[in-house]
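Next come two complexes, and both contain chain A; in the first it sits with chain B, in the second with chain C.
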Partner chain A sequence: MKRKMIGALVGAAVMSMATGQALAQKAPAAKLSGDMVKIGVLTDMSGVYSDLGGQGSVTAAQMAVEDFKAQAKPSWKIELVYADHQNKADVGSNKVREWYDTQGVDMVTDVLNSAVALAVSKVTQEKNRILIDTGAASTRLTNEDCSPNTVHYVYDTYALANGPGKAVTKQGKDTWFFLTADYAFGHSLEADTTNAVKASGGKVLGSVRHPLNASDFSSFLLQAQSSKAKVVGLANAGGDTINSIKAANEFGLTKSQTIVGLLTTIIDIHALGLPTTQGMMFTEGFYWNLNNETREWSRRFFGKHKKMPSMLHAGTYSAVMTYLKAVQASGTDDAATVMKKMKATPINDFFAKNGKIREDGRMEHDMYLVEVKKPAESKEPWDYYHIKAVIPANEAFQPMALSRCPMVKK
Partner chain B sequence: MTEIFGIPIQAFMGQLMLGLVNGSFYAMLSLGLAVIFGMLNIINFAHGALYMAGAMLAWMGLNYFGIGYWWSLLLAPLAVGVFGIVIERSMLQWLYKLDHLYGLLLTFGLALILEGLFRDLYGVSGLPYSIPEEFAGAYNLGFMFLPKYRAWVILASLLVCFATWFVIEKTRLGAYLRAATENPRLTQAFGINVPLMVMLTYGFGVALAGFAGVLAAPAMQVSPLMGSNLIIVVFAVVVIGGMGSILGSIVTGLGLGVIEGLTKVFYPEASSTVVFIIMAIVLLVRPAGLFGREK
Partner chain C sequence: MSRQAIGYGLLLALMLVAPTVVYPVLVMKVLCFALFACAFNLLIGYTGLLSFGHAVFLGTAGYVAGHSIKVWGFPPELGLIFAALAAAALGWLIGSLAIRRSGIYFAMITLALSQMMYFFFLQAPFTGGEDGLQDVPRGKLLGVIDLTDDYNLYYFVLAIFVFAFWLIHRTIHSPFGQVLKAIRENEARAISLGYDVAKYKLLAFVLSAGLAGLAGATKTLVFRFATLTDAHWHTSGEVVLMTLLGGMGTVFGPVVGAATIVTLQNELADKVGSLVTVIMGAIFVVCVLAFRRGIVGELSALYKKMTGSR
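Now for the complex of A and B:
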């Protein structure tokens, strides 16, 4: 009797081990870790850039997940997490490390602020996951610091500088003066624009470097005014740009000189209002009022977020969608396989037409040179831009021939 | 063209004028801080947030209730003052006998809450507040183009500063106040209601911040972060002038505005640090500040 019992127990144990093994063998067939894809939105939730990305990016990513579930009906689960990096590189990279190590996050997106982005890109490569950066500006992400695990999706300083640098100069406004935020981002934006201006036969008369978050810009603008340059380029961002424009208006610069915001978005224009910003020119990666497709998506976004999307918000939606589609198509969340799939598949949605992820990780898509409307020309709230030119994808971004990325074979 | 240190005199004069405008804000804010510190011994870290609240209230008044600039200039400081009195009665009054640090921590916490609240409601990009029609346009001073509104800021700030100085130093009410600071018990024994005076002083001090906020609204972007960008410099001004010194804060505020303005011409990169360098030097040479008394 006892023996029988033992025999039965051993049999049961063997059986369970066998099925366990069978299950264990079956798992790789699904090829999705945890039978789930987890996406992390890392952004500035409360600081100077939180209107540009922030909660809006989380909302956009959520929309993408919901839309993908409704369209593709995947058999696996999708989960979304988000965190505030407080614009600090160490906080951001620690958070991402935690996500990768303990929470099984497969892909991280948004990551505005170049300093944070560069740190997160390193961690992502080390842990072999995927970063689709929709928020940072530095071209280093796809040059010196390029990585097989990083995609730079929406814009960069080259694209921002190139459009206005060439177009405005060719209009005969060929002398420039810069107001530059005194840190890496400002310097590189100024340098990139200077190159574009010179390439179009223009001249740079000088520049003044102001501290980040300066409280008053009138002194700097007075220097710009006395330089007699035809164009004043603002190589700064966020609150600094807003306050520069406001002061430029007050001191009458806008009457005699053209103000070009080098990183200006619809969020800034909305914050300042059309009377202050009319006539400004700059490059945007997205505009909600472009065509029916962009309007349809943006109105849906507006319904949830109560503001029209910035190019970061639209880009984050598109990036999450692109990633999920690639996971679906390749049947795995393995970083290298998904990345290969993404690089091989053209992106066609409301955000990008025939968008292409290049070898160096740069996503190429059309950019738009816009001019801010006069108050009388605006027909509805958020109707702010004239599209002056569509900069085709292959001209908008730095050509591969100039790439400083070690991955690119020459 | 005549030049001073290699800078055309016109540009030089222009920067001097702009320095005065910024100095006006420093003076008004540091004046409020000095009054509060002088009378209550509280380091009011919520000052920047209350300045922001003044600007925000002006914007809200205009956009929700159609209250114009001039009424805002009266009503917003009043509202901020009343809010200050509520803070003083409900929280601050229990801290006077404790170390300075407690008041600092409490007001710092309040500042974070206020800022967080407005940030949640309006985001960080800020809101536009246009310049009142009376002040549209500019004066051509020959050496520069001075927007009328900035001229008004200098004038208004000088008036307010002078009035405050006059009330505290030259009137009977001011004498009571100074007596209450020097020896609250004895003053109370003379039949003067010291707690009431302290409460009103705090209310008045923060109302000054609210007033500066409304003045700043048309010149700068109204944003939840506008206070925290400014408050650190203002604290440096108070330290340089001498904690609690009324005249010191006015003179230093204007003076530092001018020095900062000139730095923006000669070496713009240092314009955000020059105030702190001066602070370090002053503290080394005169630890009580330029106008402070050593106790």
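Now for the complex of A and C:
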């Protein structure tokens, strides 16, 4: 009798310990900190990239929050905060640190400008939150500086270089000449594209390097012209790209050669106009006029922002949506759990079809090789592109085998 | 004199409790820029030399500190000293070229040389170009105190600032500082009195560069990265703005100016959107038009007027 009692007692004790432990394990997973999810949009609102991201990204994130609330009716609150990092890494990282420490922000998005993004990625890892970067270009975010807390969502320099390098070459435009901004960014764009061109059986006839923020491109373009290459690749960014496109147009390069921008977006085309840019080719992660789904969302965005979305805007909407869905599905805002959920769930919306977040944090989705329309072919404002090829997700981004990310097991 | 001591004591006490009220990382950033502006003020306010390339010292020291701590494994205190010395050495190089001219030409030479360094940093592999030198460990002070804790780091940064501020204060009020002021007021007369003006100017320049470097290195330790922004001429412009706004040639002016600008940058970041730069510009215009002596300059003038008229 006594022995039985002891046995029962021990049994009960073991049981209660087991359930206690189970509860203890479950407890943090079943709650949201502050019964609220807080999302921060960190972007450039006053500088050179403010059209590419900026207020548009905030608007897109707001739309995602509203849509999610309407569709999923979550029991918790969602708040959105935003800040202008003024393209200064210290301002950006300080703001995000403060968001994490004092305001309980769970996820940060946009974060264009590579220096700011890398700094924010470190802070995010330190504080164990989530960064879904939709704005920065550097492949370092998913290679040397990859982090279990970071997702790189929209594009990177590899995708921008690799897409045209392969697809344009395969279309018979197989001899290339590069106009390269003379610093690490330009060099890596040129190297990545060169590899893709060679892998597709093309040839690189030469390249010329120009200083950053050059004002006169005439001598560089004359060299490009006399190379007789079928394609002139612009491995530069921002003002340099705009100035070289203008100059290429003035020298009549656009008639005999194809200009390929390696970091060009719809914002640049809108600024320069179709007469100057017609016939240019480059890679985009998103185009508003792709299908009914993209048009429907983009028109809604246009109604609020008065401009069609860039790939950053569409990507930011999709990223916020993906994050919120993962929070709801896992019932927590714990970074590791949500990240696991996001990596396990394919992304299907107007922005990405069967998008997948890889082990290294890279989000894989289809990219598009576009050609800028002639002015006569454009039927309405913002109708700018012919889609020349869809670059499938598994070819668009750097293959995992080449990954330099320490998290990836080989 | 004792009143002044009480004032300093009060301020120090305020700084000691500041991180409990204000976000510590922000205060550390303010301190770094305040030190930078004080170093700059030593040149423009007390020697009359307008260097328009001072960011180069901030940036260089930031990169040197980052690289030596991250790659060579220097302890933080050694990294800071090494970086400040490197900035001082660069200051000696740039200074000995620039002080041969004065006025606008002096400003242009410093700007040109700092732009050369900027392009060097853009190209050099160790800086990471526009990605920046990232992930610098904060490490342990003297191998004991863990600097990853924001509060520990805060008091370390505060100690650096107080030391540097004291050094500047001593310099200004020393015979050496008197000679600098004499040069500012009338260079020809200083020469006629037998002072080797070029040597004094160079020494002031090197001191200022070294202290600006100390600020840059500390900043790298606080934020754990160094980027091109620090070496860009925008930053050179910003420090001019900080000094003018706070009060050129006053001891506390640059501190007040730096605190105002940095706090505004941080606080306006999520409130006014794209208007940040416009507001900064407006403040500068108002400052130049309405109170040319800067915040501290105007206040002390007011104080003197009130006590004088009594």
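Definition applied: the second predicted complex is superposed on the first by the 379 of 410 C-alpha atoms of A that agree within 3 Å, B and C clash if a C-alpha of one lies under 4 Å from a C-alpha of the other, contacts with A are read in each partner's own complex, and residues count from 1 in each chain.
In this section, a contact is a pair of C-beta atoms (placed from the backbone, for glycine too) under 8 Å apart; a residue touches a chain by one contact, two chains touch by 3 or more.
Being a predicted model, the structure only gives us computed values, none of them experimental.
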Touched partner set for A:Ser46, first chain B, second chain C, both or neither:
both
State whether A:Asp84 touches chain B only (first), chain C only (second), both chains, or neither.
second
Where does A:Ala184 make contact in the superposed view: on chain B (first), on chain C (second), on both, or on neither?
second
Partner chain(s) touched by A:Phe350 [first = chain B, second = chain C, both, neither]
neither
With both complexes superposed on chain A, which partner does A:Phe282 reach: first (chain B), second (chain C), both or neither?
neither
If we overlay the two complexes on their shared chain A, which of chain B and chain C does A:Arg97 touch? Say first, second, both or neither.
second
For A:Phe301, select first, second, both or neither according to whether it touches chain B, chain C, the two together, or no partner.
neither
Quick check for you: in the superposed arrangement, does A:Leu118 touch first (chain B), second (chain C), both or neither?
second
Chain B and chain C footprints on chain A, overlapping residues
46, 50, 182, 211
For the chain C and chain A complex, residues of the former touching the latter
23, 25-26, 29, 119, 122-123, 125, 128-132, 134-135, 219, 223-225, 227-229, 265-266, 268-270, 273-277
Touching chain A in the complex, chain B uses residues 8, 10-11, 14-15, 18-19, 21-22, 116, 119, 123-128, 130-131, 138, 144-145, 147, 149-150, 219-221, 223, 225-226, 229-230, 233, 261, 264-265, 268-269, 271-273
Which residues of chain A touch chain C in the complex?
45-46, 50, 54-55, 81-91, 93-95, 97-98, 101-102, 114-115, 118-119, 122, 138, 140, 145, 182-185, 211-212
Which positions of chain A touch chain B when the two form their complex?
46-51, 182, 208-211, 213-216, 218-220, 222-223, 225-226, 238-239, 242-243, 246, 250-252, 267-268, 270-273, 275-276, 307
